[in-house]
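Multiple structures are listed underneath, in structure tokens.
Here chain A shows up in two complexes: once beside chain B, once beside chain C.
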Partner chain A sequence: MLGEPRDGRIVVVGASLAGLRAAETLRAEGFTGSLTLIGEETHPPYDRPPLSKQVLLGKVPADRTGLPQRRRLDADWKLGVRAGGLDPVGKRVLLDDGADVPFDRLLIATGTRARPWPHPDEAAMDGVFTLRTSGDAAALAARLAAGPRRVLVVGAGFTGSEIASACRERGLDVTVAERGPAPLVGALGGTLGELAAKLQRAHGVDLRCGVTVTALEGDGRLTGAQFSDGTRIDADIAVIALGAVRNTEWLAESGLAAGPRGVTCDAGCRAFDMYGIVTDDIFAAGDVARFPHPLFEYQLLSLEHWGNAVAQAEVAAHNMISTGPRRRPHLTVPAFWSSQFGLNIKSVGVPTFSDQVVIAQGSLKDARLVAVYGYRGRVTAAVSVNQARSLEYYRHLIETAAPFPPAPGAADQRESPVPVPSDVPDPKLLSHGPTVALTGHLPDRRLTVVQPAR
Partner chain B sequence: MHIVVDLNRCQGYAQCAFLAPGVFTMHGEESLLYTPVAPEDQRARVRRAVAACPVQAILVGEEAGAGAR
Partner chain C sequence: MAADTLFHRITDYAHRADPYPLYAELRENGVARQDDGSYLVGTYHDIAALLHDPRISSDRRHRTVPDGAAGTDEGVPPSFIGLDDPEHHRLRGLAMRSFGPPHTPDRIDGMHEDITRIVRDLIAGFEGKERIDVVDDFAYPLPVTVICRLLGVPTEDEPRFRLWSDAIVAGFDPTPGDDPEERQRAGTDARKQMALYLGELAEGRRGHPSGDMLSAFVNDAGPEGQLTPLETMATAVLLLIAGHETTVNLITNGMLTLLRHPDALERLCREPELMPLAVEELLRYEPPVQMLPQRTPLADIEVAGRTIPKGSPLILMLAAGNRDPQRFVDPDRFDPAREDNQHLGFGSGVHSCFGAPLARLETQIALHELLRHLDTPRLIEDPPEYRRSPVLRGPRHLLIGRGGV
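Our next item is the complex of A and B:
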């Protein structure tokens, strides 16, 4: 690497959670060079999890979730401008407004966007929404406050389920359509999926699983929807919660291993090129990154978790200004939370990396429990429902590859001492994209077929 | 004053909701909901909540990139 690692020009593309935390870490660890943050959104970095919770409940305005900074950054912010390309040889980021920004080291933190409804005419109708940005949340929250007659949520992953929960809490009628067998089943498997289905119905959600929405109806303004089972409903709002798309298009000509699964990088956050050779000056972090994790057989993980964005950004930043043996691996055990239908759901590890699950504490009946997941006889994940304080213990079991099923907890009675299949469906069966994807071992499929981008 | 709570770390101990109820509230038994931008008159209370949180899950600070708009 040229020059002093603590000096020079660092450019961060993507000015949200990962970009911000990386920038702070760079300064905290003594980077004195020039720091530029480029972000497509006009807002300074803000927090997204409240958008489907506090904001849709009407408790917090959508433009009031700005993130606090940990320290002064002394950075050049370029907001409201998209990076359209990357020249890795000339080491420049090419902006859509025609300017280019030279760098010595680059961090890619462009995250994801909402997967749009596949039919553009229907998606353009008044009343059809997605939820990813504060603008999306502002528009949707305003419409919920106006008291629609029925809301249709398409896709029962975490975001879709949280939206349905907020609607019910506001007293709105809501229909949820999910192609898979139950809500959350893609992330949590069959046992907790069944619990989620029961909960939604108990809270008055018109939950329809095993169906797809075949058409959104309306003439400029949404009036209803048709389902694959031949039924239809009237609805004046539809929220499309089909998962996320990684923002990698701008890297199509860059020669990096960047594609629909994300930007592949090593455990030190250094991006791979499409031949699987690691770069030394281009790093990736957050929802856009895809990285190998030793606890999950070094498979490449794509995570859409707040905690991962923070932890990976810190490691990436550290490694951007450290050489050789001083670099650190990103080994954090994946973790996330969700809040819906009055329940606090928290997860550690990778529940989809499992063949069996056991309710280790509490019970499904009381909706207070810890489900522990195992793969080939070792603990790989745990999910708590209103039992968060137990989770730390299981995180330790995951980190130490403890045997599955785990020894019984001292205090608590087990509902079913026998592990059952974890029933994690093929993501293709789900309406929504998974928020955790195990994507194998290859940096990029283009390794074998190198073709110019269209 | 801007706030973010690391809800992976938060254990739902509710000290914050006790000390600054205008900013932090429990939603259901275990979920914490908070106001990411605290009103000026809540500053002192929020600082007490930050100090009292047993797992140091609450981060407060100036808005990031405030001058960048």
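Our next item is the complex of A and C:
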């Protein structure tokens, strides 16, 4: 590390949650140098979780989800401009408008964008939406308020399911198309996927699983959709909820280990280069980062979680202005939440990193429960449905690699104490991208492929 | 064998004014087994973990050692504070319907003006008095009036339920020795009488909604159903007792602490916007509920390297956890502006205090108005005379003198 770490030029590319929290942490921990934030959107940083909930319900306008700035940043904000490239030798970020921004240390926090519908002509039709930005949410909320006859949601991951829930709460007819066997199954596995399917149907969603949308129909304006099972529906709105794409294209020529799965970094958020050598001046945090986690056998994790963006940004910022042994690892147990169809769902750990699951508390019938996930005999995740109060206990079990199934004796254990397979499908089966990706080997694929001798 | 007698010493009235050195001793011990087979836990992280541990029951009927308080309560079922999920969740949810979000989000906030008026009336009553007893003249009548209004109980009946309430509180005092069975029998009997009284009040409102909680219990049904008459009785007793036996101590302990810390008192007069933080600090520093004496493990559990056998009485010493130096910087210092203050004053986990928003509001208003209206208050007796209970700890009287109103 050259020079005084609390001085110099730090550039943060990405002006959303992770970028903002990193910038705040830099100042809070005494960074006195110049600080530049570069963001593609023209808005100052805003919060995304309300976009698929309160905003779609019309309870909060899309432009009112701004993130509070918790301290004076004294930063140079470059908003509305994209970073187009990175010169790691000359230490410059190249902007699409032709300018370049020199840095001593760089934080990559460019996050993700919505995965678009694969057919550009169909995607361009009036009535076809994605939901990632505040602008997306404003446009979609306005159209929902206008009272469409039917909304088609393509993909039943968390975003798709929350959109469907908001539509039903507004009294709109909704069809949800999911290529996998159930909603949320990619994140939570078979048992809770089945519960989600029941609840969606009980709330009047026309849920179609195991099908794909083969075509969006219309002539400039969406009128309907065709499904792989030969059926079709009329719909005037389609929301494409197929997961996210990581914003790493701008790093293609940079020599960093950046690709569709994110920017690979070490546990201290330092980016790797394409040879697997750790850099000392380039860091990554938030949705775009891909980092090894010891609780999950050091597999590389990409997490699209609010809490991860905050925690990882804080660690990255701390490490950017700390040297050697003062640097900290990012070891936070992953956690996220969702609200939909009257359910409050909270998750700790990585449910997809599992082979078995047991309902440790509550019952599926009451839709109030805690499901605990295990992998090869240790607890790796827990998901609560309308029963979050003991989640901290399970987080402790995850952190300490406690044996799975967890010790019996919960006051309200009513389901069978016998674990069942967690039924996490291969991500290839899902129509949407996972919000948690194990981007190393999957837990059930611990294989070495040996090339036959020729 | 100091550990074996620790609980005796903690509950010994001689230590009521300052139990904190004993709590420090408890934290040193980790988990302290008592000679009657009960276990005390006093470190912050252990208590916090146990409060979230689903294998810890709040239902005394799961105790395997004899427990006079269990099973003697014919007639009135346990209230939700003494039950586990899913029953606890159902009953607490039904009670919450008319108290807080999502169905009644504004109930407590809407009482702001009412509480301020009650507080000012009480302060007006100080007129001409040279000496005030903070307890009798203020900290007791305030929460009683508020909880009566909230539930819809006539304040005139206060002398009746004060007797019952005293007996009920004495009944769950876990002080060993001096005939606990007799106390518990009297407590159970008082609970039954209070339940009958409140049940009758509630039934009288069936079909005639009057906007209070008793009325809501018998008139408002949600999709989750409604409290049965017996459940209404048990819930009403819980709310009436918890609604005043704790807040009186919070306010009194608060005033006492401020008088012992003139710098803090003066700062709060200058910066009244600090009051919400100061009340949190009081909840940490002098919590009205010192311990949760009714937890029971449903399985053998390991805490701090010791196994607590299934069915043992487990006593969580919240007040000891609140002063744990492993958790709080300089824990014995009263800092009204303390930011990192996730105290155990309201417990945590599924049984986390139902009435916390009300207790906070009452205490914030009460202390704010007292500071505004009491000119140069001074302690006349320190330490003051304490109430008997080691569980709900607070002064029996707190005499202060003053310059003028």
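The rule is simple: the second predicted complex is superposed on the first by the 437 of 454 C-alpha atoms of A that agree within 3 Å, B and C clash if a C-alpha of one lies under 4 Å from a C-alpha of the other, contacts with A are read in each partner's own complex, and residues count from 1 in each chain.
Convention: a residue touches a chain if its C-beta (ideal position, glycine included) is under 8 Å from a C-beta of that chain, and two chains touch if they have at least 3 such contacts.
What you see is a predicted model; the values in this text were computed from it and never measured.
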Touched partner set for A:D96, first chain B, second chain C, both or neither: neither
Chain B versus chain C as contact partner of A:P68, first or second or both or neither: first
Larger contact residue set on chain A - chain B or chain C: B
Partner chain in contact with A:P49 - chain B first, chain C second, else both or neither: first
First (chain B), second (chain C), both or neither touched by A:A360: second
Chain B versus chain C as contact partner of A:R389, first or second or both or neither: both
Chain B versus chain C as contact partner of A:L20, first or second or both or neither: first
Chain B versus chain C as contact partner of A:P408, first or second or both or neither: second
On chain A, the residue positions that both chain B and chain C contact, one per complex: 387, 389
Contacting residues of chain A [partner chain B, same complex]: 15, 20, 37, 42-45, 47, 49-50, 53-54, 57, 59-60, 64-70, 73, 77, 79, 306-307, 310, 335-337, 339, 342-344, 346, 386-389
Of chain C, residues touching chain A in the complex: 48-49, 52-57, 59, 84-86, 89, 297-299, 301, 310, 349-350, 352
For the chain A and chain C complex, residues of the former touching the latter: 360-363, 366, 368, 370, 387, 389-393, 396, 407-414
Chain A contact footprint on chain B (complex, rising order): 1-4, 6-8, 10-12, 27-31, 33-37, 59-69
